[in-house]
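Please see the structure below; I have some questions.
Per-chain residue numbering starts at 1, and chain names A, B, C and D are given in the order in which the chains are listed.
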């Protein structure tokens, strides 16, 4: 599974994307956030509890209770500021 | 004083504009309407009581109680349908 | 601020470029282009298609009325640029009739002022539409919806 | 219906001509052009002028998000033509960022749908603004007003 980071989260994590293989008990986006925090200090900071960020599974915005089973790509990003 | 007619009122009156010299007791736009009705059957029809038309004095929209004293140009027209 | 009444067509891209050029304070540009729409009207047993219309106006008064409307928009909203171009004469379905453009630092003001200008010019500028139907010419009656749309802004003025 | 995400500038006049060409049912075309606005921000003792920004986006998801938003507008209003062109990459003050255009038989629908599209794309399309200030780069925080503007339309959906 590919994880992608955008805007300041990308700078904080230190990579734009990475291939990961989380264990089977990482079922939802929220589970994945918790699991990713242990990968590095940058991950822990970018994905900190209380930080305002959103997620997409296979390029559709989702809430954190959505399962990631079978997903090819999960993305994390700060609130959108386009337009 | 010049009087101008627009849209279907112009066709009904039969002229686009005309020079007039109303008597001194024709003081307001409303007085002028009443006075103009006697000029021809076309005038009477175009300016009939109850017909929906507006007026301008010197190219500004006015209500019928506005005086015409000193006016160079009075215009009558149906409701606007531009845009 | 600019107002133009002309018989010929206008170039939307060129007009907007000219309007915003060199002004770096405009964040949002709201634009309206009014077009001649092909219409079908039922007149007794006939169903007529309207393919063209002629816009009559009151030269002199038209410019004054549009300038008044534009000035009013600039009083109500913090605008950086406003433009009204209105055509008169004969136009066919698909042709452009009117261009209204409003630039402001903020998009909300641009949208509101643009809608205000369109609503007001329909009820306060001396234009009259004469439609060509297969059965002959027909003057367009005032549209009640236009009066209602314009009236919205009267209330806000109080 | 069309959505485009591109690095280069767009030609507003040409885009609008292409959008409405041959469609004689469009009476009103409502357009929004978003521009990079020169801004002044106070950061501690400094007053910085922002002259340029870089728009990052999420290729693939951006197009999907814009198509979803466009489809929603077409469900809510009777529209004849819709177009969203959004740029990414580096832009300077005065540059165009986004074009939203909506054609409808009636101007009210065109205006409403255009405003809806602009509000929604600001909060639902994956773009992030990085501003260049003399003191360095700075990610733009989400604007509360944008959430409020987008929320208007959520209520209307019920």
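Convention: contacts are C-beta pairs under 8 Å (C-beta built on N, C-alpha and C of every residue); 3 or more make two chains touch, one makes a residue touch a chain.
Because the structure is predicted, anything quoted here is derived from the model rather than measured.
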| item | value |
| --- | --- |
| Shortest contact path, chain A to chain B, counted in steps | 3 |
| Centroid spacing, where centroids are CA-atom means, of chain B and chain C in whole angstrom | 26 |
| Gap in Å, rounded to a whole number, between the CA centres of chain D and chain B | 49 |
| Two or more partner chains touched - positions in chain C | 34, 118 |
| Two or more partner chains touched - positions in chain B | none |
| Contacting chain pairs - touch in the sense defined above | A-D, B-C, C-D |
| Chain C residues within the chain D interface of the complex | 11-14, 16-17, 20, 22-38, 93-94, 105, 107-108, 110-111, 114-115, 118, 145, 149 |
| Chain B to chain C touching residues, read off their complex | 4, 6-8, 52, 56, 59-61, 75, 77-83 |
| Complex contacts: residues of chain D adjacent to chain A | 34, 55-58, 60-61, 64-65, 86, 97-98, 118, 121-130, 139-143, 146 |
